[in-house]
Each structure stands twice: as C-alpha cells, then as structure tokens.
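The data blocks that follow each hold one structure.
Two complexes, one shared chain (chain A), two partners (chain B, chain C).
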Partner chain A sequence: MPRYDAMGDDAFDASPAHHTFGPPVIAGIRERAELGRYPIRGWGARRAVPDFDDLLLLTASASRYPLEGYRERCDTRTVLGGRRAGRPVVLDIPITIAGMSFGSLSANAKEALGRAASLVGTSTTTGDGGMTPEERSASRTLVYQCLPSRYGFNPVDLRAADAVEIVLGQGAKPGGGGMLLGQKVGARVAGMRTLPEGVDQRSASRHPDWTGPDDLKIKIEEIREATDWQVPVYVKIGATRVDHDVRLAVAAGADVVVVDGMQGGTGATQDAFIEHTGIPTLAAVRLAADALADLDLTGDVGLIISGGIRTGADVAKALALGADAVSLGVAPLIALGCNAPTYRLPAAGEAHADVGAGSEVDVRAEYTALGTAPGHCTHCHTGRCPVGVTTQDDALAARLDPALGARRVANYLRALAMETTMLARACGKSDVHRLEPEDLVALTVEAAAMARVPLAGTDWIPGR
Partner chain B sequence: MGELIMAVRGPDGTGPDGTGSPEGADDIEFDLAVMSTRHVNAALRALPDGARARVVNPAGRHNLAVGLSRAIRVRIAGPAGYYVGGLSAAADVDVDGPAGWGVGENLMSGTVRVRGAASQSAAASAHGGLVVVEGDASLRAGISLKGGRLAVAGDVGRYCAFLAQAGTILVGGDAGEALGDSLYEAVIYVAGRVRSLGTDARVEDLTEADVAAVRALAADAGFDHVDPQNVTRVASARSLYHFDTAQHAAY
Partner chain C sequence: MCGIAGLHLLDPALRERLGSMVTGMLRGVAERGPDSAGVAIHDTGGLRVRKEVGDPLAFADRIDLAGQAGSRALAHTRMATESAVTAAHCHPFVAGTAPAADASLARPGALPLGGTQLCLVHNGSFANHATIRRRLAAAGVMTETDNDSEVAACYLATRLGAGDDLATALRRLTATFDGFFTLAVTTADSFAVVRDPIGAKPAIIAETDQWVAVVSEYRALLGLPGLADARVYEPEPEEVYLWAS
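Right after this comes the complex of A and B.
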C-alpha cells in the first residue's frame, strides 16, 4: 500500500522514497511556493486507513448452517424513516446513491444516477444547488438535501421530494462548506444557485438560520410542517465526534442518521481537508450503531453509512456492524465511466443500446493533458472530465449517454446486492439486515479496536 | 380533526362561516391555546386564495404559518417563535409582536411582517417576497438572501447580509459590525450609521435607480422615516469572487 502522499500531489508514480521529505513532498512544497495556494482536488481520502477490507465474515459451517446460495430467499427490502413520517422510504436494496450536486456532476450524470436507482428500486439524492427536473423525473425515490448554502432550495421541490436530508457535513470535509470552481459555474448552475456566472463558489459551512442541536430540532419541525409530516427527515454528518453527533441528531428528531466517513468523496475541496479531518468509515459505523443501540433506537432511527463503499462485501460488513443501508458516491461514478480510458456512444438510433454496444472513443490524451491518467484521476474540480461525468461543458457532458450510464450503474448496484445476499446467505441469514457484529472478525488490531470485533483467531477485542 | 373544528370560530363565536362587521369580520380564527401548531398549519394550508385567518394565543410558538402556498392573509395575534412564515409563497403573514429566528426564511413570494423586533437570521435565504421588521433585527439579518427584499425599520445587528446573493435590504436605523460580509449581488441601503463594513463590502454612490428602489421598498414596508435620498448604499467589491492568494488574509 503506497504511503499517503502528504502534499496532495498526484503520487500515482508510487515513488518508493517514503521519507519525510520524499519526492511527492518536495513537489508539493514547490507547488505551494509557486502558486501560493493549497492543492484542491476531488474524491475522498487516499491515505491507507483501516477499512472494511480489514474485516472478514465468519460464514456458516457446523455451528451455523448456510442458506442455499442460489435458491433460498434473502430479503434486501429496507425501510427508512418509519418512526414519524407518513410515507417512509421503502427500498428494494439497502444500497443508495449519495448526494452529489448538479454542478459538480453533469445533468446527464445526475439523470443517469436517478434512472439507475429507479431501475434497482433504490434512492438517489440531490446535492448543493438544488433539484433538476431531469433528476426528479428519473428518480423513483429522491432524497432532497437541505444544505448550509441553501442554493436552489425551495418549498416546491421540497414537497416533491421523498425524503429530506439536512446536511451538517460530509466525510471529505467535515466542518467545511462546498466548493465549486468557476469553470463549473455555468449559466444553468449559476442560475439555479443565484450566483454570478463563473464565480469560484465557496459554500457556507454552517446553516444560515440555526446553529446548535436545540435549533436543529425546531428546523426539523419546520421541514415536517412544510411537508405535512409525510416524508422522513435524514440528518447527515461528517464522521468526527460520531457518538455525540448521532445522539444530538436523534434528540433533534432525525428519522435517519447518515454518517459519512473520511473516505467519502467530494467534487472539490482542499487536499488538507480530505486527508486530515474526520475518522474512517469503519470506526464511524460502529460508533453510530452503538449510539443508537444505547438509545434503544436500533431499527427505529435508520442508520446509513457512506464513505468508501465499493463492493457487496463492504455492504455486508457495514450492515453487520449496524448500518441499515449504505450510500455510495464515487463508486457509481466509476460505474458511469469515471476514470475510464474511453467513453462509449450508443449506436445510432439505439435508444436502448446494450452497455457493450456503440462505439468507443479513446480519451487518454485528455487525461494526460490534465496531468493525470485513467485510473488515477481526481480532477473533478477542473470541470474537464474526459468522460462527461463531472463537467458542465456541453461537449464533454454529451459524452455520457444517460440511458447507457444508467444501465451500467444499475448493473453495478445489482451486482453489489447479489454479493451482499450471497454473503448473508452463507452466514445463514434470510435477510441482509440480520447480519450482525458476531459475524465478523478483524485482520488487524486497529480494525478490531475500531469495529469492536475480535481479532481473527482470538477472542480479543482491544479495549474490552 | 375534531379538535380543529372545535377550536375554529368566527370573531363572533358562531363558527368559521360567521359574518359580522367589515374589518376582520371574515377572519377565521385558530386558537393555539387549544390547537397544536400542526393542526393550525394544516388548516391554514387548506384555506383558499383570498381567505383571511387570525391565529390567537401564539405565545411564541415556533414554525407558525410555514409552508403556505396560497394568497391568504394570516394575522398572528402575539409573539411568534422561530421561522414564522418560513418556506412560504404568495401569503401575507402579519405578526402582532416580536418574532424569533429565521422569520420568513426561504420565503419565495408574499409578505411576512413583524410588528416588533426580530431575532437572528431574519429573511435568511429568502428567494422572493418581502420581509418587514418594524422594530430592530438581530444578527445576520438577510443572511444568504437570494432575491427577496428585507426592510428593517430599526437597527440591525452584526453580519447583516452575510453571503447575501441577490435582493435588497433596507435598514431604517443603524447597522452593526461587518455589514455585508462576503456579499455577492445583494444591495444594502442604510438610513442610519454603519458601524463597520464586512470583508469585500464597500460603500458605493447612490444612483437614481437606488433612490427609486429605496422609495419603493420604504413604501411597501410602510416606513415614513426613511429619506430615499439620504441612505448609504453598500454592495460587493467582488474581490472575493475568485481565488486569489493575496486576499487570503481577508477571510
């Protein structure tokens, strides 16, 4: 595992010189000296932190018996927000798509994510800058974010939403506001956000009309009043003081708490923020689940975990640690084509082309021009996404066909759901929500301590 | 909704359809002493365009008259708590007393009038409509304003118009420290003194268009103590619109 690149330079050359002032550090100092500013990039933490790969599932043998992997039913239905909302969110799978803005993403990308979520019976989420009509119509279940900036936030879209997510922070930059550099603030984005076109938008980090948890309680009531108490209210926090923050969110009346670990992505923020704030998702999920358990609210208040979820194994482990659902941001973008060396256009006249149909166009030279390469790109902030995912440039955005993208993301989400149920059945569970911490062991002492499961081959949980 | 029906009455006590003297005669009355906020708001939202309602015994309740979307008139007969008239459109909401945080927050159109002082973040993120505070307004009045208009008869506290993006703010009295900090395209007019300007805010010359805007806003707000020719215009210097290292210390 390459060491974290302390200066935020693109260290995909994996230099072997990992000392205090190694080549990436030298390059980072030189960049700051020349530009007088900090590095900005997209995605989440790149440093190696304990994660779900450090856990293993204890599947069945003699002491437990497995369910038939390909035959017996394993339920994935997930209900969120049933405690107070007239219309809880009911999902076919516990794998959702996280909030990402139109602005950060192209309209085609947002539409594709919405269509994909609908195809597999799950939810997608708006982002900073409001709800687009394409996204609303494409999404069966759409979660509407209420962010500190309140860009584009309005009561009409609020009432058109299936849930509301009050965002206190995100894992990539807990305590920080959004950022959208001027090259992505085109006419439509600027209009939706009531901002001058081309401005380097730096969003507020604190809500304009409340500050503490007591205020948040009143704010949540206001949202409920404006939506006639019909839709669930989520509260999203960036994972820092998770135990306290989950308790306060619950006290304020959250139906669902969304906890975003430090591996959670962003469209653009300071590298120093991404790499040096918050705690790993692995630690956050257990802290959040334990807080809810201590309040005797497990299952009553939903828990959604996000930040670096990639596979069905990650999903199964997150559910075992107490999450009711997971939320994915970066991974569905990769499924859309992010970091691919080519983009694919549908064959002419093929509105429902198969994901393999059409023609491929090689864009490796465009990655090179950005100073990166396919598989290493985190240049979302530039707006020059060669595959049309994180851009507001019409020509680049046209490279992503929403129908094709939706099929790819839907395939990916289905595969994740299949992996999750496969592992759950092997653990003897007829419902993925019955996975439990007892199904897990840790490979490392750090992961054992964070997840509070035994180190593999021992009954030792550090700190217990 | 049995509770609702029992608590609704016309001014003469005959019921919601009762008629009487011309002024306020058609007001439908909702009594918060016996009704929940939720019931009152649901009843207000169910009223047709042109209806008039009076909410009595508010006692500082939060979230009164939020989420309205029809052209109704709502008179709240006493102090209101947080977010009165918030997330509303088209309605005219009138508070006979002071109001808490976020009066008229995220207002889209219509009017919210406070016949007293308002606490923090009055008219926060209002996209349209008019918020009038007949007394003083506390911190961050007009924060992140997005096109609405805010008129405060008295003084405003610190950080008025912080991050305000579009719209107009009229301060009939004095403005506290850091007025207009990090402003975008909203414009502030102050009739009294400005204690200090926030980062990137600057005083600009008053044009005829400004005078006309102030005259119109003062008239709509019912302020007769503001001389439109004699106000200070504060707007953004726009030096923070783009990343520039030299200005980093300004944050």
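Right after this comes the complex of A and C.
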C-alpha cells in the first residue's frame, strides 16, 4: 500500500511494487496504447502468492526419531492409476515432467526431457500438437495429452502412450485455450497440427465433443476402449473450483487427477490470464487431497500437483499435503539451459557435449535484443530463445544438445529426489509417501488457512 | 519413551504367582517411565486393566499387583512423548471386541471393531500414525485419544477383524507404521512381541518351559524363577515372536 510521507515533498513512497501507477504499470499502459492488444508472455504467475516456502517441516528430535541417510530405507516408488488400468504407471520417483508441446518447445528440448525422465525412472508428457517420434522413443513412460484443440491427436499415438491425460485446463490460464504465435509455427509444427505455417494459432478453451462431467465420462470410456483398458486416464485441471472439479473428475472415471496451481507455466498466454486467474498451488493441493479423502479414494485415485515446484522441499511439502506425485514444467526447462547466459558447444571430435566439457558461447546480447536478460527472460512466445529451448528456428534449436540437456535435467531431478528423501528421513519416514500434514506448520496466517496446518508455534489453524 | 514388561505363563501352576512376578518386572522398568503406569492381566474370568498417573511402584502397591493371579500380563511404565499424561493415555491399550462374557471391559465409547480383543504396550514412537488414524476413522474405527500407540492397537484389532491371524497382523503393522517400536501384544490366547525394522528400542526375551517374558531392560528379569536356565535373547528386528496357549 502507498504510504503517506508527512515529512517529505514526495507525498508517497514510490516503490514500484506498491505504487498504483508505478513504472511497470505505466509501461503496461503505454504498451497497450501503442499496440492495441494485451501483453503476452511465457511462464506462470510472478506475483507473490502464498506458496510452499510459507510452510516448514517438523522434523524429528526427541519425541520422534529420524532415519539415517544412505543406509536406512526411504522409498520413492510411485504407482499411479492402479485402480482400473491393466498397466498402471510405475515411477521410481514421485517427480514427473509436465506436458509441454512440441511447438512451444523445440524437438531437441522434448527429446532431452524424455531422455532425462527415462534416466531417473519417471514420466514425461506430450502437449498440444501431438507426439514426436523422438519424444516417444526417448521416453520410457510417456503420458499423452488429449487437449481441446486435438492438434496432432490420433489413435496410433494414443495406443503408443503409457497413460492418457485429458486436459481441461492449466494453472497459467484455467478456462483459456492455448496460444502459439506464428513465428513458432514452422513447417513441422504446422504439419503435425494441419495448420498453415507462420500464422498465430489459438487452441480451443474447451473440448469439441464433450462439456461437463457427464459427457467426460463417455470420453474416458472411449479412450479406455481405444487403449484396451490398459493405460491410466489422467484428468488435468487448472486450479479454480478445485473441490468440485476433483470430485467431478473422479465421478467421470479419472484414475489420476492432475491439479495445476496458478504458478504453473505456459509457453505463451495473456499476462492478465497468468496473474489474475486460478488459485495458488498451496491452496489447490489441500483442497484436492481433502476432496479425495472425503470420497475415501486417497491412494486409489492418484493426485499429481503442479505449479511452481522447484526444490525437494517443495516436493516433500506437496506430498505431505496429500499429493502422490508432483509435476514440473518450468524448472526442468531451466535445468536444460533456459535463462542461462551461455549455451554449450560440444568439444571438437565429441558427438555430444558433456556436462563441463566443450565451450561456452555467450548469448547475453541476444537476450538484450529481446528486451530482457538472463535470469529474467519469459520470452518463450517469441520463438527467439537464445539457448534453443523454446524455439522452432533450426539454428537456435541446434544450440541445445539433447544428450547434454538430458543429463542436466536428470541431475536436477535426482537432486530433488535426494532432497525429498532427506527431509522424509528427517521426519522418520521410510517412504516419502508417508509424509503427512501433521509434519507441517505455516509461517503465515494465509498459508496456515490455505494448507490447513497450524501457524508455527501455535496449535491454531485458521477456520478450525 | 517407556518401559514394557510382558509375561506369558506356560505352566498353570504359576498362575497364583503371576502378579508377584510381574511386580518385580515392573520395578525393573519403572525408571524408564515415571509419568504413569498400567497393567493388563488375563485370567480365567477375563481381562483386568488398570492404568493410573503417577509413580509406577506406588501404583503397583495401590492395586495390589503382587496379589493378582492370571495366565498372562502386560505392564507398562510411561514417559510421554507427544500426548498428554492422563490415565486414558496410559498403556496397555485395549482394542477389539471382547469375548461375550467380558463385554463390559471393552473400551467405553468405542465403536465395535469386529476383531478379537487385544492388549498392546509400546516402547517408542510412531511417525505416521496421523494418516493411519484418519484411515481407521474413515472405516468407522475411532480412537479415544490422540496417543500414537492407541492407533497401533486399533489397527491390529481391525486386521484381526478382517481375518488376519495375530502374526500376520503384526507383520502388516511393521510394513505400515513408521517409527521405532518394541510392541508386546496379548490376546485371549496369545502373547506376541515385534520390533521395528531397525530394532531401535530395546527388548530382551527370556524363555523357560514354565514362562515367556519380554522386558525393556535385562534387570527386569532378575526376580523370575528359573532365570538361570532360561534362554535369553534379543528379538530380531521385524520378526514376529508369538506364543499361543
């Protein structure tokens, strides 16, 4: 809030973050005035909302005992969709890679994510625009998205999938459709989507053949029949009316519900959507877990949480609040090289660059040309990604070596799993899935109310 | 943190001496649990359970533990970890459905559990009992206190009600509960001991042809008749030791 300064000539504290018409607001108004349209960008909500950093774990001390790292068991195995599917998804770690489209990402990036997921025994997910052969062959466990647009969706790839995820919405833009600007609709992307090249593509915001859970039930049965009841069917929702939506997804027959909070990323969406719709992941996870518990389906219907997961601490807290697994989008892209000031060229004579080998090429000038800088870039929508992650330009895409990218992402996911088991062991758990809400306290009243755990140092849960 | 002592008689001739034997065992673990104490005695007339706050030795005197006869007994001295020091929070915890003649001894206010009645004493603490308590509640099994050990008693009773034998139920418990524990459990005809997968909390078993005893500390065995010839050993982690009469 602006603060009145009774002593100064400047009547108000002009801190940009708090000024009603601060410099960012002025710039935004000028942009709209000049272009006659809304700002578009990548990534998820950047405003400060209550999140997992507002929770703390009550690890063991005298009343409970920690488990030793490295020699005392702490399982991370995760089974999803065991309720109905003949072949449930079995993962080595409860940390998965979220759906991101070929189109939004380069083919190399998609391949790298698939390889990384396979290296650590987890799943990755397709996206709008369909499944690429590189992604399929690189991924041990591949979740095939069924989106409103149905771009690239076909029965052949459907039967090649290890799970199917029907996407109702995503956290960055619940209720909104996808967006892929013309500069990223190259020949291959256009071909897969049967669209003209170079034209802005708007994906549908709702499915063409069903609305509502009654008809979704029919759609899920259709997919089950097409896949011979072998693979789990996920339903992904952007977090808004989470309690209702989780119950309806279950009623429609979902094996797994994926709930994406407002911090969840996107390749390109209107800024107004990203910052002003949906609810924080922290609130969403508890609502979803409580809905499943109320239906007595905890553990039977899987719960995957996404939207702003960055660290093993985030993972541990999400699991404690009731998630069976988490899903990451933006963070693995950063592990690939997103927002790095350089990309790595393979050393001479080397087929692929190794971590720490080859030479670094400085691309800071390219970030500057985009009007941004390493560490601040959300220009995925432009297709001019200086590190080859979110581009369809062949020269830019070649900057990302899939093998090197895969090793970096696998390292990152392994580190997250280690952090998660470290914290679970400290809570005395022999399985990360045994973390529970009673292991948590909140630092703020807001987080306590959303997560329904006590404010630290009290036994007070707001609203209880 | 607590002390446990359990005694299972194989020789009916010792029936009148059960109370005095258990009193000596309780004395040996009293310092481990100065907050409160409890005993459960199985006798031909059924199950007698007494639990009180305060010094365990004074408690034993007050209830004339030494004068009590029976076929098997569990005793517990408590140093509370996370739940309150009240008689209701004391061990042994009784769960399950009592044999018809002993229906009055079933836990007051508890929903029918459908299993056989059992008594449980616990040294250690569980790390995931809140989740298991919620699962039991969802199935209609309500605990009376916020004590972690009570959750284990209710869990075992529920498993017995579902058709598990006691050994199977205990193995399932070790796979389901996190934390460190030595548990001694009695039913109308059985006596069992199990420890956590690490074997973190102490336990000593002594066996003769006349009796089987489990205690937290060796000194609690010292007054037992025939101890010199007993087979004395430390139970292995996660292994279920069970004697049926």
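List of remarks:
The working rule: the second predicted complex is superposed on the first by the 443 of 464 C-alpha atoms of A that agree within 3 Å, B and C clash if a C-alpha of one lies under 4 Å from a C-alpha of the other, contacts with A are read in each partner's own complex, and residues count from 1 in each chain.
The working rule: a contact is a pair of C-beta atoms (placed from the backbone, for glycine too) under 8 Å apart; a residue touches a chain by one contact, two chains touch by 3 or more.
Everything numeric here is computed off the predicted structure, so don't read it as measured data.
Three-chain overlay on chain A, with chain B and chain C fitting side by side and no clash.
Set against each other, chain B and chain C differ in how many residues of chain A they touch, and the higher count belongs to B. Looking at the shared chain after the overlay, A:300 reaches neither chain B nor chain C.
Contacts of A:360 after superposition on the shared chain: neither chain B nor chain C is touched. Contacts of A:394 after superposition on the shared chain: neither chain B nor chain C is touched. Contacts of A:210 after superposition on the shared chain: chain B is touched, whereas chain C is not. By the touch criterion defined above, A:428 reaches chain C but does not reach chain B. Rounded in steps of 10, the angle chain B-chain A-chain C defined by Cα centres in the superposition reads 110°. Superposed on chain A, the gap between chain B and chain C at their nearest CA atoms measures out to 32 angstrom in whole units. Chain A uses no single residue to touch chain B in one structure and chain C in the other.
Within the complex formed with chain B, the chain A residues making contact are 35-37, 149-150, 153-156, 158-159, 181-182, 193-196, 199-200, 204, 208-210, 215, 218-219, 221-222, 225-229. Those residues of chain C that touch chain A in the complex are listed here as 81-82, 125, 127-128, 130-131, 134-135, 138, 178-180, 197-198, 200. On chain A, the positions that touch chain C within their shared complex are 60, 62-65, 67, 72-73, 293, 296, 298, 427-431, 434, 436-438. Taken in their complex, chain B has these residues touching chain A: 37-38, 41-42, 45, 62-63, 66-67, 69, 81-83, 86-89, 101-102, 105-106, 108, 120-121, 124-125, 127, 140, 143-144, 146-147, 162-163, 165-166, 184-185, 238, 241-243, 245-246, 248.
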